[in-house]
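Dropping a structure here in structure tokens format, bear with me for questions.
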Amino acid sequence: MSTRFWEATAGRAFAGRLATGSDLVEEIERYCAEQGITAAQVTVVGAVRRACYAYYEQHDRRYRELESREHHEIAGFVGNVSLRDDRPFLHAHATFADAAGATVGGHLLRGTEVFAAEVMIRELGGVSLVRLHDEETGLTLW
Amino acid sequence: MSTRFWEATAGRAFAGRLATGSDLVEEIERYCAEQGITAAQVTVVGAVRRACYAYYEQHDRRYRELESREHHEIAGFVGNVSLRDDRPFLHAHATFADAAGATVGGHLLRGTEVFAAEVMIRELGGVSLVRLHDEETGLTLW
Amino acid sequence: MSTRFWEATAGRAFAGRLATGSDLVEEIERYCAEQGITAAQVTVVGAVRRACYAYYEQHDRRYRELESREHHEIAGFVGNVSLRDDRPFLHAHATFADAAGATVGGHLLRGTEVFAAEVMIRELGGVSLVRLHDEETGLTLW
């Protein structure tokens, strides 16, 4: 697929914190569903009790799932919200740092458990970002 | 504490660069205090002469401080501004990369010395993000 | 140079995805040039087929170029757009994660090849961020 861009309007802005013990991905998606947020940028400053993330095997076209049960600081985070199967879907990548400062990272998965998470959501208005299967990559992209 | 979100209005936006040799955390907080910025998102593209960061021991409820006197690129950064003890407080996590590209990261501390830092601050209006002691985590959260 | 900040207005917002096989830096710059975007914040969620990045030798005042031909997830990304030689210039730093979750990072270079990249651009209006040679660091800064 070729490069495509959509111009959006500035939507609503939200700041929040997630409950300790909640699922980082599900809790953000739940809040977006509740508020009707279907396109947004998301950032998180926080720490987790368990990190679940993945690497996409570009040739084999499948995610290799990774997990670390150690406690980690979230040392980097980029995320967006779009629609997948008619529901708000969080696509985020993160870097996690351990007690020695060593880092691992990848595509953020469900199962990542919040210790503390300060979340900011910047909605994009006037656009419809809908995830569909992409032949070229095997991914579900907008 | 349960998940809580606040809706904000779009506030002011600022772009700046920090003086070489300044303290990354203090310089951003100083500017926010000067401008009366009490809630914001902050991102930084830059490099440091010394990286000071920390890992929060979730069981022991104390920060383990880490430091690297090497020069580093800032390879990831997520940050927010809120009020702590009535002053703008920067809560940021960062990833630092060394000459071989190897990365470390964690909770950004005072003492991190700027080589070059391009900073963008997006204020959130209409919200009051005040840090208070949180029993469950031992942290000071909004 | 001392710390300097400019206040900006909220500009346009764009969400897009880049063609598989395109150059991550060039494709974003090309779109900014096409749209007349000269000051902006940029974030990317995605993966690359090849990562090209650099570490700035602060004493020697030159970039040491690094490259990894492995496929990587982009696990952290901070970026801004400003004017350099009258053209939109992307200054971004990124963290890349491999199949084991291991991360490397630095100053993003041309040559980084997109596998999939979801890009969000938040324009800053009313400011002119122009890159000029900075004596103190040897860098081209705004």
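A, B and C label the chains in the order they appear, each numbered from 1.
Note that contacts are C-beta pairs under 8 Å (C-beta built on N, C-alpha and C of every residue); 3 or more make two chains touch, one makes a residue touch a chain.
Not measured: the values here are computed from a predicted model.
Comparing the residue numbers each copy contributes, subunit B and subunit C share less than half of them at their mutual interface.
One rotation lays the C-alpha atoms of subunit A on subunit B, and its angle is 120 degrees to the nearest 5. Chain centres here are Cα averages; for subunit B and subunit C they lie 20 Å apart. Multi-chain contact residues of subunit B (touching two or more other chains) are listed as 10, 75-77, 95, 103, 122. Within the complex formed with subunit C, the subunit B residues making contact are 10, 12-20, 22, 27, 31, 35, 43-47, 49, 71, 73-77, 95, 97-103, 115-116, 118-122. Those residues of subunit C lying in contact with subunit B across their complex are 1-10, 39, 41, 53-58, 64, 66, 68, 75-80, 91-95, 103-107, 122, 124, 127, 129, 134, 136-137, 139, 141-142.
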